[in-house]
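Consider the two complexes below, in which chain A is the common component and chain B and chain C are the respective partners.
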Partner chain A sequence: MFLPHTEADRQAMLKTIGVERMDDLFKDLPACTTDHPLNLPAPFTEMEALDEIAATADANETVRELTSFLGAGAYNHYIPAAVDAILRRGEFYTAYTPYQPEISQGTLQAIFEFQSLMTALTGMDVSNASHYDGATAVAEAVNMAFHNFRGKRKKMVLSPALHPQYRETVHTYIQGTEIEVLGGDIPLDAGPEALIPLIDDQTALVVVQYPDFFGRIYDYAALGEAVHAAKALFAIHINPIALGLLKPPAEFDADIVTGEGQPLGIPLAFGGPYLGIFTARQKYVRKMAGRIVGETVDTRGQRGYVLTLSTREQHIRREKATSNICSNQGLMALAATVYLSLLGKSGLKRVAELNYHKAHYAAEQIAALPEFGLCFPQTPFFNEFAVRCPLPAAEINARLLEHDILGGFDLGSAYPGMENCLLIAVTEMNSRNEIDHLVEHLAEVSHA
Partner chain B sequence: MSSRADSNIPADLKYTANDEWARIEGDVATIGVTDYAQEQLSDIVFVEYVLDEGDKASKGDACAAVESVKAASDVYLPLSGEVIAINEDLADSPELINSDPYGEAWMLKIKISDPSEIEELLDATEYGALSD
Partner chain C sequence: MPEIKLELPQDEEAPKVVNPTIFEMSVPGRVGVTFPEPDVPAAPLPESFTREDLPLPELSEADVIRHFTNLSHLNHSVDTGFYPLGSCTMKYNPKINEETARLPGFAYLHPLQPIETTQGALGLLYETQEWLKEISGFAAMSLQPAAGAHGELTGVLIMRAYHRSRGDDKRVKMLIPDSAHGTNPASSAMSGLRVVQIPSDARGNIDLEALKAECDDTLAGLMITNPNTLGLFDENLTEICDLVHEAGGLVYGDGANLNAIMGISRPADCGIDVMHFNLHKTFSTPHGGGGPGSGPVGVTAELADFLPTPIAAIVDEGDEETPPLYGWYSPPKTIGRVKSFHGHFGIVVRAYTYMMMLGEQGLREAARHAVLNANYLQALLRDTYTIPHGDRICMHEFVAEGHWEDAPDIHALDISKRLMDFGFHPPTNYFPLIVPEALMIEPTETENRETLDAFADALIRIAEEARTDPEVLKTAPHKTPFGRLDEVKAARELVLCCWLPEDMD
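Let's look at the complex of A and B:
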């Protein structure tokens, strides 16, 4: 509950500091900044405000009205009702940063459970309390690798099939540093081993995505070996739903596993808030950025939770810290924790299987259409696949939208030369009917 | 202890204003952090070396980082030279710095490359007289 100061409180404070009026506190600002009134409308009543907000919201088209086949890093998965029911409890919804463990055990325990689930899912040793999203988690992996070698190794090899927005985010983060990014020119159909020639004794980190941006599944064992032969670090970025079915990335000898946790009980919400997953091997725990919750006992021997390894963080290490991030995505991490707790291992596997089978059914039907074809027909995929179309993807999507279908991602917008290619995602939310309608409309489009 | 003068300062060692000590034996210097340093840092939980055996470095270069529950501190070389030994015990038992800063918690040994730098170090009295 917000308790504003009373006028009496304000007067007492002004009197204590020897100031007559509030305005006197701003007397050093030039008049040009203070003497024009703000051009704001009059305040709304609660009813008017609600009307205004509802009208704006109604202008959106969401996955409730549209059938979505759009993925590219954010997916339309089912969110069990229990997730919101727990998230909206005031104890979680309004809880602040748990720096005072005495009054934050609920939050801290929830984060600890989240961390435990992330390590169980990825097969890695330690997890932090989360980052804002997958993109910044990847950027933090770059930071960590740079610090691991104390700035002596400056090359980061990023697979061209790593999400284009994540690669862009890395470029943003490395501005002003001597870090060099390689990998953007490698042909998309060359497979992960094509990155090996780029690795040398100046390489700090190699990053791949699993499944990759095009939905493809690769065995990264050989690449992992080559990375370690050069004594560099190996990072794999995952989709947590896919791990219900696929071999855990730890088995490719990853040093760092990052992920985008949005598929775990978090709505699409026009791009965020999402959830950055960051896990690593035990030996790198002190180089890991972000908050970490640890389990301990109090003075009476009772189990308790606390933020730990705090000397990693930038408010203590300052410029020697790996990163300046000192926050986490608490509520979304809780959503992921509730989601995974509800589904459990077998539930997650079931969701992954539904995604896999529905996507493969869709791919089969689409590939059978005369003028369409899979861009990478030889490579296994999870729930997303790239399709070559007879018309530009943008046009196809416009036609599909007329039928209330949100088509796939226009690959030409990120990969020059792929303007006629669509990245189609299929999840457990797409019924067989919906998939059949998509195929029908795609067929119509090519004959138009 | 509230000041260096109240801490344990062995007379036979040399010191820096950054609270490192050096034991000079011929052309070998053994280096660590002082009793005052360990007390200021409180319980030490981690030691990380930033130089390896065989590295040549200069006076003032960072050679290690010491982490306690509440702070992280760099350790700098008091003298230039080549690192000839690193105390691996501190990796498993960083708390030795708190219990025996001048003995078991030596951090590294170097072969001194410029003996003239030894005169620039502080003796026990000068070190004890340093204010915060």
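Let's look at the complex of A and C:
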């Protein structure tokens, strides 16, 4: 199977080593070593394993069998077949971090193109080679801002409409530091300007989301001005599909733009692996964590690429490094690169518009139902919106599931007081029929 | 590490473009995929928010496929050749893993679906936790961390939270051997701990006297990689763990080198309190050109309450007629979540497939043959290269010194670059830091004897060339599509992205 050794190989190799038996290789291990039998299943052949695991997979009901309006940070988008055709190339997926550029130009150029696409999309100057996901990209922004002010500014203002799991992740990351996180108790309908009173000369960073967790689109220009007046850094977390339509966050004068790259050709896969996007202004390039690829030339006069600015990183700086990141999401960055290469200028705009129109059709239909209403009717939104329902969202979701519909994210699970609110996401994958079907069943709920 | 001095072309001509970027290939009007017309009425766009320009490339599907396929040909990979990158465990990645991870029942599953619709996935996570617990001896497990370094951060935060929960706030000192991966001190520093380096002794073990001197009441713990980065199983592991525990500290195990000992020695049985696994090393999931990895963390019973939330669990035992109901569990003193959702599920499926196919015996045999291959290579090279502690049986890897007194200009880097001409990926260079001109070699168990022989022959021939024709090493590689690249220029000029041709001055 995966071991090539014949008995003759083993004997010859042991002889070369100068020992008699395989066990002799382990005879000097300390007493805690044991051949204690492990309680693991007996080995499966490939055909048995596939059978068994396929049955496990079939025990799930996916967004293919169910009609899904779930989003909240992970979105069901169409992935062109060409994306996976490239990801399945062994030359890409069985390579590692391109430490040896002479034999890693494939990965290096792909990352360089990824960095280029991310800066084109966000309007920022520089991008790294990726972080683990959106949540950890935000946590690294906090980390970077803290070090940017040499630990002297300790306040981080996070919008309450930043994804709740991202805020939780930031809280986990900072527990060994003196960082203080603010913003959690600002009213959700107060708009971005409500964060301004929290900003002072101790503020290192302000983070907002665009569109925010509730799908809302805000103009962050005034907030950005206030952040910079306090000489703090301004970070905007984005959904990259929305940027096919919306003005880039650089126009709000962001210093850092993070994002969750899953919508760019990466399967839902029960939550991962996804892709953390991290871009910044040029002046912060030496403060960014993670791998960065730069262009250069080889001895033969050919243009090529290398990992650069590695003196920022843990393998050189050890405890003085600002981040411990080593592995990134190389293959997921490749997926996003292929996806955006295929869609290009017009394709990404088209997908963004499809999401926008379908979500607005759904919102209009639902808002027209008796006892239903939008939570934030005055604010523009992208492909996701919050709905206030006549019953607890959990109850509505249970009823919808009886009709094979995944209703939406139960906002009460993350925001106390919103127990009757559903966060509904609509993408290009949802047909008008599916939307009408959802509306029909919601109508039954209100009549019940 | 020596600076690479390059003989660059002297003329000021623009560099030769071997592969245009997607931006340079772009032709206005092309598109690689089309989408249907909207089947709903168009809603008015939010004019004040719409962007004026979207500077993305425009390519046909065939352009895209050909471009990335051609790029792929420029990579060395496990599928195309030997990749003895020490500490990275570049073993063969079984193809079936790629099939199981892509099964529609997994690929199209949203992470926030109700548990009633995700019983298969939750059960798979639960079983993976159980198997990893069995292999390591730990009492509880989180699959959430995204990579090894992420698992380290998680583990160190757990250690910190444990001390603080006991009111033991003064424990802020983390001991780290001088042979450790750079991520160890970086993870500790991120968690607010003070790093103190511990030297290695003459046999490559942790220096016990130096360790004892630091074991006081400010000790948070010790981070140990075992086998260590010299490929040596620490002969005093039990004593080391006892010393740390007696001083009230905890022992963190960097599981990067678990491939040497799985099925043979269980870290928890040896006294390790918390450890991360690297599913992308030990459990055959692919390295993806730099990720995604997966870095589950296992802990002893007394640390279980601090694990990240959520964890897959049985929430209702069921009975003879009803199967157990899987769901999510939040440990009572959790450090919180370390990323969104539940970890790298797609990677966990691959590791699960691997464990299922190997079973107990197969996992143990994988480890035993990884050690056999490393010792065989070490034996073949021992007369040609200085191998510190080469008198000891190594585990899954060993470190050779890439320099000789009678070839003063030759460095490990030159040997590495020359190895590429023989079709091999070089070993890890300049790590661990305690070995001069380090070449860290980890063959893994999936390589056959002929490959190991050919690799040893190449290294022996390079050692000869170092004396007879050093220039061929200094100017290597010769047979690769690219020669040495100018890293100084890259760092000085910082060209980090490309633009559409019309945007260029």
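Convention: the second predicted complex is superposed on the first by the 413 of 448 C-alpha atoms of A that agree within 3 Å, B and C clash if a C-alpha of one lies under 4 Å from a C-alpha of the other, contacts with A are read in each partner's own complex, and residues count from 1 in each chain.
Throughout what follows, a residue touches a chain if its C-beta (ideal position, glycine included) is under 8 Å from a C-beta of that chain, and two chains touch if they have at least 3 such contacts.
Here the structure is a predicted model, which is why all the values come from computation and not from measurement.
With both structures placed on the common chain, the touch criterion links A:A74 to chain C but leaves chain B unconnected. Once the two complexes are laid over each other on the shared chain, residue contacts for A:Q105 go to chain C alone; chain B is not touched.
When the two complexes are overlaid on their common chain A, residue A:V306 makes contact with chain C while staying clear of chain B. Touch criterion met: A:L14 reaches chain C, while chain B stays clear of it. By the document's definition of touching, both partners, chain B and chain C, reach A:I316. Residue contacts after overlaying the shared chain place A:F92 against chain C, while chain B stays out of touching range.
Of the two partner chains placed by the overlay, only chain B lies in contact with A:R150; chain C stays clear of it.
Looking at the superposition, the partner that touches the larger set of chain A residues, chain B or chain C, turns out to be C. Chain A uses residues 316-317, 320 to touch chain B in one structure and chain C in the other. Of all the residues in chain A, the ones that touch chain B in their complex are 150, 286, 310-311, 316-317, 320. On the chain B side of its complex with chain A, the touching residues are 45-46, 48, 50, 65, 67-72, 74.
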